[in-house]
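Look at the two complexes coming up: chain A is in both, with chain B in one and chain C in the other.
Let's turn to the complex of A and B:
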């Protein structure tokens, strides 16, 4: 299908305001008479709270209120993430607003203060007397699974969830394998480190509505806030700001309930902004995993069996752990055809920071493991990395290990070939101590939520009398061009220039709910909803124009604010003229459309079968690294990525997702280690937790494949999260190629690589 | 605490300000002057989100006491280009997709501007070196580096700036 606006790498409209420094992010907004909030956080990872005495804090001049768990009407709820369907207790954990009786992790919120200034609020925190009795705690998920382990929560087990995949008979299959590779892989906590720390302002409006202006990926938390306070859902309004980066870290509720409680109690506006250190303490991390893999192949390189055991550290509260674990389970075998597969996964509570969503959501951890395994097999069998993947990769018509069919295109072969070939001929090692190496990895990940969440999105389009267009969508924009994509879709369908379209976003009371900006779902879901709304409006205009022009409906086309006859292009009407006629005749000049994803039922058994996702995105990374044999330092010299994005609605933004996702995973591979020792954080700042800087990374070369076979608008697939796949294993495989050592735990710091080289010699 | 009078030129306008001796420039810009384009990302000099220009050089507003800038000139993102017209480097950032969430953008733009003043035709390596104190979690830096590089090219193609 030919498009004129869709498919163009146009600058996004919000970039202009952002480049001027004019966007009011969550912390940039204030109200007269506003109070400042601070949160008292636990000093210990595991302790009993014997008593909390707030009397001294309350007496401090300038303090308006101090609140603890006893002041929270409903302190214990089931955590929700915007889903509007009941998915049962197996997929939802406890959400506790403030700690009561026992603290489960370092930094858990215990009390809230609102005061005239941040300084006073901070001083008040020091006057709250908490008497703790330290408890032993448990900090290793394997320990936490033992029968006599310390219990993190209130249940009689630390087990959060477990899933299985059963396909064929691995035991017999391994007997027939010519080669077997077995390894245990480890990945650490990873922090999102979005540049904008959590922030928000809440107030009670003139109608008594609790209004919270906050940076979040999920404005649907308004429901949880209402339930915390015990008031009707329509008494809470969340206004989502432009977000200064999310990556999954702003998917769980953050400051919303704290702000709502304080504004509700004081009846004054309240602001709460986290410091960077508090942000590190307060939000989730990417799950650490221990992954035991056993992969068997014939001597000509055909995979026969894969057995995997994955243990995820859920940290102190459940949050999204069951969902993340399910993603890991379904993705554990990777985009390969393997006749016999056995996967066992568990997520376990510990007294570590809680783990939840992180861009890549359970798909990236096993990706590191299965792609390392493929590389080792190739080496043993003397195959090159591309050949072994082409022999085994999924193709059109193949099924997933759960037995589900892949709907759209399965372009593993194409992306792997293109990325690998783009590296070109090998270069000679540059210097004595510097060794070059190359690595390849492929990956798969779903876009759109788990299908048993019964996901929906709504979008609204209205034509103004002058031919301009107004859109409303609940979509939170995290910077990936979420809102821009919707505007481009409307412009495409209605033949209206981009400048004539204005979109209002992210307000639970005023914009139709579009669902969460998570799970790489917005282009797919809200893009489809917008397309539907635009086409409904268009249909009405066509009806009218066909009468006005006395033309057949199929003979009409929208171009440049005109509706013209395809057969006689000089016969046309100005769009505004048709709108005017519709308005005169009382026709509806707006549409609010809803798009529903495919629905499946909540799994009832641990053994996962059938469809769990609507579709997948496949991609590859090929990299060249330079390893310094004297220091172990690894530098990524070149990185090429190729993804099948279905259709690039805005290629500039798609490339931005690939470049950003790729660099995020360079950090995962080489430097980012959110170290936690016995529940205490070792990384408190961005000087200790090392994100890649501009100097640490190469220019990422992006190759887009457009199969047109996605289930998003115009055949688009989602790219935001899948973009994090494949980079880390490609780097690790390249290190193996350069200096002969297999790194099995991330990150591959220079010390680790050096030590591996020394112990090998 | 006692307040002191300082005179600072901010975005071309001379301002007289009363500040406490421990007031950070970042807080004075944001809270007293309502210049919200300068961002807080860490408060301890590790992210670059608060980058501003002090007499044309990049500094981190979260590490500088306001009293120490007495008599000097400060440029924040609000002073880049003029209120209606974008600065060419801002245009270049927008066109190259160098702005995602936008939180690092003010600091990146000011750093880019300072670099191009110092070195009108930097190599990719020099750009990356210069930006190493400015973190971006969204873009992977590629588009930012390209935006600066392309602006450098168009400046050096312009004979007016070559003669400097």
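Let's turn to the complex of A and C:
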């Protein structure tokens, strides 16, 4: 299909405003008479709360209120993650607003203060007397699974959830394998480290509605906030701001309940902004996994069996662990055809920071493991990295390990070939102790939510009398161009220039709910809803124009704010003239359309079968690294990525997503280590938790494959999260190529690489 | 664990001193109760984390008389209030004081370097201070001033331990002086960090003079391997007066690695530091030798 706006690499409409610093982010907003909130957090990872005495804090001049769990009307709820479907207790966990009886992790919120200034609020925290009795806690998920383990929560087990994949008979298959590779892989916690820490302002409006202006990926948390307070859902309004990065870290509730409670109690506006260090303590992390992999192949390189055992550290509360684990389970075998597969996964509570959503959502961890396995197999069998992948990769018509069919396009071969070949001929090592190496990895990940969540999205479009367009969507824009994509779709369909379209986003009371900006679902879901709304309006315009132009409906086209006859392009009407006629005739040109994802039933068994996701995105990374043999330092010299994105609605933005996912994964592979020792953070600021800087990152070359076979608008697939796959294992495989050592735990710090080399010699 | 609250919770009086006389007067008057604020890139973080309190904060960065970099043919005098970025951009430093240039180039992001001063980097007393090893190998001296008068202290004697220096509570660092380095001189600075622009896991500076094929004067200093930045005289002695060769470099570097006793901390491990100390020293010596016009 020929397009004029969709498919163009256009700057996001918010880009200049952001560059000039004119966006009012969550913290850049104040109201008269506003109070400042602070949160008292647990000093211990595991302790019984004997008593909390807030009397001294309450007496401090300037303090308006101090709240603890006993002041929260409904302190314990079943966590909803923006979904409106009832999915049962297996996929939901406890959402506790403030700690009661015992604390489960360092930094768990215990009390809230609202005061005239941040300084007074900070001082008040020091005047709250909490008497703890320290408890032993458990900090290793394997220990936590033992029968006599310390119990993190209130249940009689630390097990959060477990899943299985059973395909064929692995035991017999391994007997027939010529080569078997067995390794245990470990990945650490990872922090989202978004530029903008959690922040918000809440107030009670003139109608008694609790209004929360906050940076979040999920404005639908308004319902949970209402339930915390025990008030009707329509008495809480969440206004989502432009978000300075989410990456899954703003998917769970952050400041919303705290702000609502304080505003509701004091009847004054309240602001709460986390410092970076508090943000590290307060929000989720990417799940650490221990992954035992056993992969068997014939001597000509055909995979015969894969057995994987994955243990995820869920941390102190359940949050999204069951979902993340299900993603890990379904993705555990990777985009390969393997006749016999056995996967067992568990997620376990510990007294570590809680784990939840992180861009890649359980697909990224096994990707590191299975792509390391493929690389080792290739080395043993003396195959190059591309050949072994092409021999085994999924192709059109193949099925997933759950037995589900892949719809759309399965372009593993194409993306692997293109990325690998783009590296070109090998270069000589630049210096005697600098060794170059190359690595390849492919990856897969779904886009759109788990199909049993019965996902839906809505979008609103209205044509004004002058031909300008107004859009409304609940979509939270995280900086990834979510809003821009919707505008480009409307512009494409209606033949209206981008600058004549204004979109209003992210307000639970005023914009149609578009669902969460998570799960790489917004372009797919809200893009489709927008397309549907635009086409409904368009149809009505065509009806009217065909009468006005005396033309056949199929002979009409929308171009440059005109509706013209394809057969006689000089016969046309201004769009505004048609709108005006519709209005005169009583036909208001607006539409609110809903898009429903395909849905399935909630799994009832641990053994996962059939469809759990609507579609997948496949991609590859090929990298060249330079390893310093004397210091163990690894530098990524080149990185090429190739993804089948279906259709790039905005190629510039897609490249940005791919580069961002790549940089994030360079950190995962080499520098970012969120160290936790016995529940205590060793990396509590950005001085200890090291993100790659601009100087540590190469230019990332992006190659877009557009199969047109996605289930998003115009055949688009989702790219946000899948972009985090493949880079980390490609780097680790390249290190193996350069200096012969296999790093099985991330990150591959200079220390780790150097001592691996020394112990090998 | 201390959290940076971004709030200066403790009460203090802020005193802005535009002249040296006023600053010294204030330091004398509030002896022991005051802290000196220059660029603030270390001090304010400590204050916001509650690690450091004071009754008086004396702001000295606006003292123009302490913001200079003067090089005649032989010596270099640096006003301690000059920011790191200005040192990095100085052509004289770039051309003749390679170790110092490489040190400031490796430090922090540009925005931080526009704030941070060389005086602050030294007086903060960090064992990892990147400007310390270059000044140690240049044999720099520091002028410490107070109402009681001035005294000159070699950089070598300045550091006492982490966050500890010989600076008395009424004293202010007022000048850094680099002596005549002699002819045929070359210097270098190397550092390993976790990412670019990081605090050093380990750093090293070398300065040497060349007499034909032999090493003349020579100084070697490491940071982040001991409670203070330190010189390694034993390794210097191995080089001095000897004909330069790869074997000699390896011998000196190996000796140095055997002498340092680094610790394990959040940035690296003792064994890694020990292991790479000889690697970066070897490279440091090579590079200084080549800059002195030597061949290898």
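We take it that the second predicted complex is superposed on the first by the 761 of 761 C-alpha atoms of A that agree within 3 Å, B and C clash if a C-alpha of one lies under 4 Å from a C-alpha of the other, contacts with A are read in each partner's own complex, and residues count from 1 in each chain.
We take it that a contact is a pair of C-beta atoms (placed from the backbone, for glycine too) under 8 Å apart; a residue touches a chain by one contact, two chains touch by 3 or more.
It should be emphasised that the depicted structure is a prediction, and the values quoted were computed from it without experimental measurement.
Trainee: Which partner does A:123 contact after superposing on A: first (chain B), second (chain C), both, neither?
Mentor: Touch partner of A:123: chain C, not chain B.
Trainee: Using the touch definition from the top, say if A:656 reaches chain B (first), chain C (second), both or neither.
Mentor: first
Trainee: Once chain A of both complexes is superposed, is A:664 in touch with chain B (first), chain C (second), both, or neither?
Mentor: first
Trainee: After the superposition on A, what does A:275 contact: first (chain B), second (chain C), both or neither?
Mentor: Once the two structures are laid over each other on A, A:275 reaches both partners.
Trainee: Give the label of whichever partner, chain B or chain C, reaches more residues of chain A.
Mentor: B
Trainee: Once chain A of both complexes is superposed, is A:685 in touch with chain B (first), chain C (second), both, or neither?
Mentor: In the superposition, A:685 contacts both chain B and chain C.
Trainee: Can A:695 be said to touch chain B (first), chain C (second), both, or neither?
Mentor: Both partners, chain B and chain C.
Trainee: Kindly classify A:432 by the partners it touches after superposition: chain B alone (first), chain C alone (second), both, or neither?
Mentor: The answer is neither, since A:432 touches no partner chain.
Trainee: After superposition on the shared chain, which partner residues are touched by A:749: those of chain B (first), chain C (second), both, or neither?
Mentor: second
Trainee: What residues on chain A does chain C touch that chain B touches too?
Mentor: Touching chain B in the first complex and chain C in the second, residues 275-276, 685, 687, 691, 693-695 of chain A appear in both lists.
Trainee: Which positions of chain A touch chain B when the two form their complex?
Mentor: Within the complex, chain A touches chain B at residues 9, 11-12, 14-16, 18-25, 27-28, 192-197, 242-245, 247, 273, 275-276, 478-481, 652-653, 655-656, 659-664, 685-687, 691, 693-695, 697, 699-700.
Trainee: What residues on chain B touch chain A, complex-wise?
Mentor: Contacts found on chain B: 30, 36-44, 46-47, 49, 76-78, 80-81, 86, 90, 93-97, 99-106, 109, 124, 127-129, 131-146.
Trainee: Spell out the residues on chain C that touch chain A in their complex, using ranges where they run on.
Mentor: 1, 3-7, 9, 109, 192, 194-199, 266, 268-269, 271-272, 275-276, 279-280
Trainee: Flag every residue of chain A that touches chain C in the complex, lowest number first.
Mentor: 118-119, 122-123, 275-278, 281, 630-633, 671, 680-685, 687-688, 690-696, 749-751, 754-755, 758
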